[in-house]
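Order of writing sets the labels: A, B, C, D, E and F. Residues in every chain begin at 1.
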Amino acid sequence: MFAVEVTDHIMVAHSFRGEVFGPAQELHGATFTISAAFLAEQLDDNGIVVDIGRAFEALKAVLAPLNYRNLDELPQFKGVNTTTEFLTRHVFDELAAAVRAGKLGRAPHEIAALRITIGESTSARAWYEAPLW
Amino acid sequence: MFAVEVTDHIMVAHSFRGEVFGPAQELHGATFTISAAFLAEQLDDNGIVVDIGRAFEALKAVLAPLNYRNLDELPQFKGVNTTTEFLTRHVFDELAAAVRAGKLGRAPHEIAALRITIGESTSARAWYEAPLW
Amino acid sequence: MFAVEVTDHIMVAHSFRGEVFGPAQELHGATFTISAAFLAEQLDDNGIVVDIGRAFEALKAVLAPLNYRNLDELPQFKGVNTTTEFLTRHVFDELAAAVRAGKLGRAPHEIAALRITIGESTSARAWYEAPLW
Amino acid sequence: MFAVEVTDHIMVAHSFRGEVFGPAQELHGATFTISAAFLAEQLDDNGIVVDIGRAFEALKAVLAPLNYRNLDELPQFKGVNTTTEFLTRHVFDELAAAVRAGKLGRAPHEIAALRITIGESTSARAWYEAPLW
Amino acid sequence: MFAVEVTDHIMVAHSFRGEVFGPAQELHGATFTISAAFLAEQLDDNGIVVDIGRAFEALKAVLAPLNYRNLDELPQFKGVNTTTEFLTRHVFDELAAAVRAGKLGRAPHEIAALRITIGESTSARAWYEAPLW
Amino acid sequence: MFAVEVTDHIMVAHSFRGEVFGPAQELHGATFTISAAFLAEQLDDNGIVVDIGRAFEALKAVLAPLNYRNLDELPQFKGVNTTTEFLTRHVFDELAAAVRAGKLGRAPHEIAALRITIGESTSARAWYEAPLW
């Protein structure tokens, strides 16, 4: 399996509900370093998985509504804990939709899976990987 | 599959037996950067794989008996080469026991697998990944 | 000149006032990676600049009141923009006081200067360096 | 599954054909950071996947004909786009041949798979992973 | 002294003349990771050294004519070796001009110095630092 | 001032004497990541500070007697604590001698200063910088 992965970052505020989170129940924030990997069994005729320029654009389009925001106030996240794990799945779902809509410039079914990795500090990160079909 | 990964490090001395190790047959040492990833099919009700605080504690508890020690003198490692690969498996086994004992604060069977990655320098690392059940 | 530098991180929320900040006028957040370097002309009799354990503790003591907080709500930061640059100076001043109070375990005048570096993402950081005397 | 991974780098020039590449159709270049991971179900009697010294040598032997060269002029790459993805597969094929020829110092069938990862910048990388048998 | 530093990268081809360069006399290439630090004695009224957005734009404006190009063919570099060191000075001179032209949005004389750092691989980098006045 | 910096690493065992070192009084070890920066006011006619190949060789020659060794047993370190700080000075002195002996391939007096940086983990490092003349 081939993969191409692009990386960007966002700076957000949020807070968590639940005793398990301890001090992170307070409003705090994070620089999230977000990597999106597109996986394919075969390269296309140009010798690529997907156009890396489009991959950066697709990731940036998913991140733009979140960047420099307080995630607690965004309607799409109402009532959920926007944990690092939750956000890996959110980015996955949005990018999966972009793939299926043909926005990556390759026949959707030729992209087999996505892996989204989000680093919250130099010592903690999360990822979510799943097939698209 | 979701994963949450935490990272810590230890500073140890050791030596290896076997001609294949060349100069590493001498007593030398390493800063090992150790990442432990906990994998799960589903997030829990808090939106997490495991409590990251507990994950750091569980990893630290496994590493504490090794940190600032000469691994050649530890009884649990008698007669083995404490290679980077061997240590990935040692940390895996200890953390697997912690998961099964419920120390990560989640129903053990909901944690599907572990991946332990150990970097010995900026140009060499090893990992071990296996399902828990 | 010798230096010893230790690194820790905090996760905070904040917002800025002033058009120059564009979208960062909204409440957002950051993982700040904070390095504190202690500079000295000579090593002490143990062959160190300062005890690295004390250096970590001194830095952590400065960061604890900020970690997992909304900096906009802290009384000590009332009416100021808690920019990365501002925070380098804040950490400098607090650690300088710790040095002068002898908390680093070395005669204060033997520590010549401090350099505080704060990374806000993989592509932006700030630092402040000044002599202590 | 165990893995051992070694990392090296090369500095090359090349250009791409195809509108999808935009400005990268011009002759440009890259520092490629190349990691080769050798995967095995079991460690050998020395407690290793493969001798790390041999792994570095095998990777270096694959990279030497490419380093400090214009890839557009190498006969083995005539008529292809030497994309990061393409190069992951090229390195994979060459290292797979080295494994099969016994150059890693372990019975070939005991090495189950290879994963080649190539970083082209801090924000983009590609990988190729496949079983050897 | 305060500093704010922003980082970007370019992918270029070039070759060197002179036996000292060995294999780098061949046409090859590099991903250059370029950091530009702006130094100032005092923060401005907003609590910043310079607007980080303008700093990124100023650096990008300097790098744009070089990115995805063969430096050997650029008229501004005719007859010179575009070594990493040379490029630190080139970026310095261009950014110094931008500062003097007021493009960083702060009174030019309030910016005391620049430091340009260019990494060519994980094991080699160069920098150039000088006062502006 | 220009600088060129090269980076290598060693894996060593050692122990410290003195209560200040706590658990590090035990025999332990470290992967030391060692960067050597050569500083010069002017580039030479080739457009470089020093030949980077010679810089790597000079650093490797200094490190070879230490790599894969127990520093406690080396006669040159008898009776001293081989702290990270101490080692920055040791590498400085050895490389300064190499510069003065003309081994860097440039007129010695044209190299103004050296800065040696040694990382012992991702969260702690030391450096020593001084003029050569």
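Convention: a residue touches a chain if its C-beta (ideal position, glycine included) is under 8 Å from a C-beta of that chain, and two chains touch if they have at least 3 such contacts.
Since the structure is predicted, the reported quantities are computational estimates derived from the model, not experimental observations.
Comparing the centres of all chains, each the average of its CA atoms, the largest separation from subunit F belongs to A. In terms of residue-numbered contacts, B-D and C-F present the same interface, as over half of their contact pairs agree; the other options in C-F, A-C or B-F do not. Among the other chains, the CA centroid farthest from that of subunit D is the one of C. Under half of the residue numbers found at the subunit A and subunit D interface occur in both copies, marking it as a different-residue contact.
When the CA atoms of subunit B are superposed on those of subunit C, the rotation angle is 180 degrees to the nearest 5.
Mean C-alpha position of subunit C lies 27 Å from that of subunit E. With centres set at the average Cα position, the gap from subunit B to subunit E is 41 Å.
With centres defined as mean CA coordinates, subunit E is found 31 Å away from subunit D.
Each of the following residues of subunit C touches two or more other chains: 122-123. Residue ranges on subunit A touching subunit C, taken from their complex, read 9, 11-14, 23-24, 26-33, 67-70, 120-123. Interface residues of subunit A, counted against subunit D in their complex, comprise 1-8, 43, 46-49, 51-53, 56, 105.
Of all the residues in subunit D, the ones that touch subunit A in their complex are 16, 18, 20-22, 80-86, 88-89, 122-130.
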